[in-house]
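Paired with subunit B in one complex and with subunit C in the other, subunit A is shared by the two complexes that follow.
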Partner chain A sequence: MTTRISVKNAETGSSVEMELEAENTVEEIIESAASYWEVSPGAYVLRRGKAVLRGQSTIVEAKIREGDVVELIPDPEGG
Partner chain B sequence: MKRPRVVSERKRAILERSPPPSNRSRPHFWLKDESRREIEEALAGTGPLPLYISKTAEAEMRNHSVSSGNQNLEAMGLLLGDVFAHSKKSYTVVKNVVTTDLQASGVSVSFHRNGFETLFDRLDEADFDYVIVGWYHSHPGYTCFMSPKDIETQRRMFREDFHFAVVLDPLKLQIEAFTLYGEGCISVPFAVYWEEHEDPYGRKKLSLKPR
Partner chain C sequence: MGESIDTDFLERDRHERMRRIPWIDLDAVRTARVLVVGAGALGNEVVKDMVLAGFAGISLVDMDHVARSNLTRCVFFREQDSERRRLKAEVVAERAMELDPAVKITPYTDRIQDMPEDFIPSHSMILGCLDNVATRLHLNAHCYNEGIPYIDGAMDGLIGKVQVVLPPETACLQCGMNKTHSKIMELRFSCTGEDVTFYEPKVAAEITTTSIVSAVQVREALKIVSGRAEAVLSNVFYYDGLRNVSETLEVSKNPDCPHHGGQ
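Right after this comes the complex of A and B.
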């Protein structure tokens, strides 16, 4: 059974619909979105509302549900 | 196990809109005279500048960099705004900035790992459908430029034409905006604008009506 969510790219305002399986992890969501938008996956965090979704959590552990909207947020470093 | 699969994309449209008018836009007061003149000339022209920063966002960035600079720390945050088109040119408007707790020294800065919830709170407080159009950070006392680490950040996260980096030096009172160009970054002209109901430079005449 798959779960369909929306992933918003905060840097462009675009969003994708993504199909997930229960074993998929947050890290894989970030990697898939980053690959689709051709950006570096290590440079982002994923948020749902006010919560950071942690990389190794599965979508079950992260309580990601059908229809959820998550957002890819840049995590810059300056020097 | 299958990997997550993208099944469709919805792109955000770039709306056609006039840039902030020249009577409500001006060069930043930390710029050198030569840069100020160039921007004033550009504002008097027909096409939009590449970047407009609201007075509110400018003041928040400047105050943040000054307060951090007083402790010899870098400041950093995200630029929230939108992208528009006018006269077949796109331009970026920064309406607001957001930041959170930082891991900072005098030569490096990033978001504190426990600071994201505060950052997300502030994103949710934005009263418009924002795009993160870039980032700002400060170089306290060592001028405005894009270091190798800054350029790497720009390449990894802010690689669209409408993405910008604003760098401030609160000790030398300098500010500069950059965008990616080739292997590095180039400085771009920008203006500070204000809304019609605002009067940040006290230019409106007082209207004293007799009682």
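Right after this comes the complex of A and C.
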């Protein structure tokens, strides 16, 4: 059973569809999206609405559902 | 002869305008002992705002020296400071005390990790103005264990964020991290130029974003010191200057985080 979601790149506005298995984690979504868009090195998090999704969570634990739109956002570390 | 009224008394009190803001406890602000870690772009702005807002007891830690690339975003640095390779913490302390001679800013030019065990706990609040994940986690861990409020600021170009950690109520910095943070753990996203190691050159600081992030850090510090915990940012303030968006993001406690085991 796969779950199809849309991942949006906050920096460019572009989107990509992803097909996920239940055991996929939020970190895997982040890494796949970052690799697909060849984003600049740095830290990123995935948000759904106002919530920052926990990296280690599976998509089941994160309650990611078919048709969800999540967004990849940079997590700044400069000072 | 009748009583005379001194019409200049308002002007003699430099904090008279701050005293008009009812929720600010200026006595508490003046006596708070605050640690600022990092005297780069964010550190300059944070210390400036703190001194102007009335904070009078500040410890400032930074091991770096001033580089020419700092001059476009650091209000306290001058050309001669970079030419003489002066230490950032000392320059900021010296110049910020010119703003208010009653303020005591003590500079420390070691790494925060090398400071004595009792150094961090001797402060009532910590403001992080750092450029790397490893040092952030060091401060985060010490603050959480000691129950000290920690206000972390960070930015990259026009993106900025502030997270307030109020142990044990809120999530901590580590709760919101993932593998991408681990990969850059020891890397520094500084504006110092060739003097530090970059993984990839990034636009670490941009002064308008720096001003916004630092202002939010100091405003939250004022709330904490003034006993307005209910009004303190309990999640992450996230700012995107390119899209003109600022919003609050929710980071929940991670039960796998070493600081929240079993919660």
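Just so we're on the same page, the second predicted complex is superposed on the first by the 76 of 79 C-alpha atoms of A that agree within 3 Å, B and C clash if a C-alpha of one lies under 4 Å from a C-alpha of the other, contacts with A are read in each partner's own complex, and residues count from 1 in each chain.
One rule holds for everything that comes next: a residue touches a chain if its C-beta (ideal position, glycine included) is under 8 Å from a C-beta of that chain, and two chains touch if they have at least 3 such contacts.
The structure displayed is predicted, hence computed values, not measured ones.
Participant: After superposition on the shared chain, which partner residues are touched by A:Ile64: those of subunit B (first), subunit C (second), both, or neither?
Facilitator: A:Ile64 sits against neither subunit B nor subunit C.
Participant: Between subunit B and subunit C, whom does A:Arg4 touch in the aligned arrangement: first, second, both, or neither?
Facilitator: After superposition on chain A, A:Arg4 lies in contact with subunit B alone.
Participant: Of the two partners subunit B and subunit C, which one touches more residues belonging to subunit A?
Facilitator: The partner with more contacted residues on subunit A is B.
Participant: Is A:Glu27 in contact with subunit B, with subunit C, with both, or with neither (first, second, both, neither)?
Facilitator: second
Participant: Which partner does A:Val45 reach: the first (subunit B), the second (subunit C), both, or neither?
Facilitator: After superposing on A, A:Val45 lies in contact with both subunit B and subunit C.
Participant: With both complexes superposed on chain A, which partner does A:Glu77 reach: first (subunit B), second (subunit C), both or neither?
Facilitator: In the superposed model, A:Glu77 contacts both subunit B and subunit C.
Participant: Applying the touch criterion given at the start, work out whether A:Met18 contacts subunit B, subunit C, both or neither, answering first, second, both or neither.
Facilitator: first
Participant: Which positions of subunit A sit in both the subunit B and the subunit C interface?
Facilitator: Common interface on subunit A, subunit B vs subunit C: 10, 31, 40, 42-45, 47, 50-52, 73-79.
Participant: Using the touch definition from the top, list the residues of subunit C that touch subunit A in their complex.
Facilitator: 38, 40-43, 128-133, 136, 153-156, 159-161, 175-181, 183-184, 189-191, 199-200, 202-205, 236, 238, 240, 247-252, 254, 256
Participant: Over in the complex, which subunit A residues touch subunit C? Could you list them?
Facilitator: Touch list, subunit A to subunit C: 10, 26-27, 30-31, 34, 40-45, 47, 50-52, 54-56, 73-79.
Participant: Can you tell me which positions in subunit B touch subunit A when the two form their complex?
Facilitator: Where subunit B meets subunit A, its residues are 1-12, 74, 76, 78, 82, 107-111, 116-117, 119-121, 123-124, 129-133, 135, 137, 147-150, 152-153, 156-160, 163.
Participant: Could you list, by residue number, the parts of subunit A that touch subunit B in their complex?
Facilitator: 4, 10-21, 23-24, 28-29, 31-33, 36, 39-40, 42-45, 47, 49-52, 73-79
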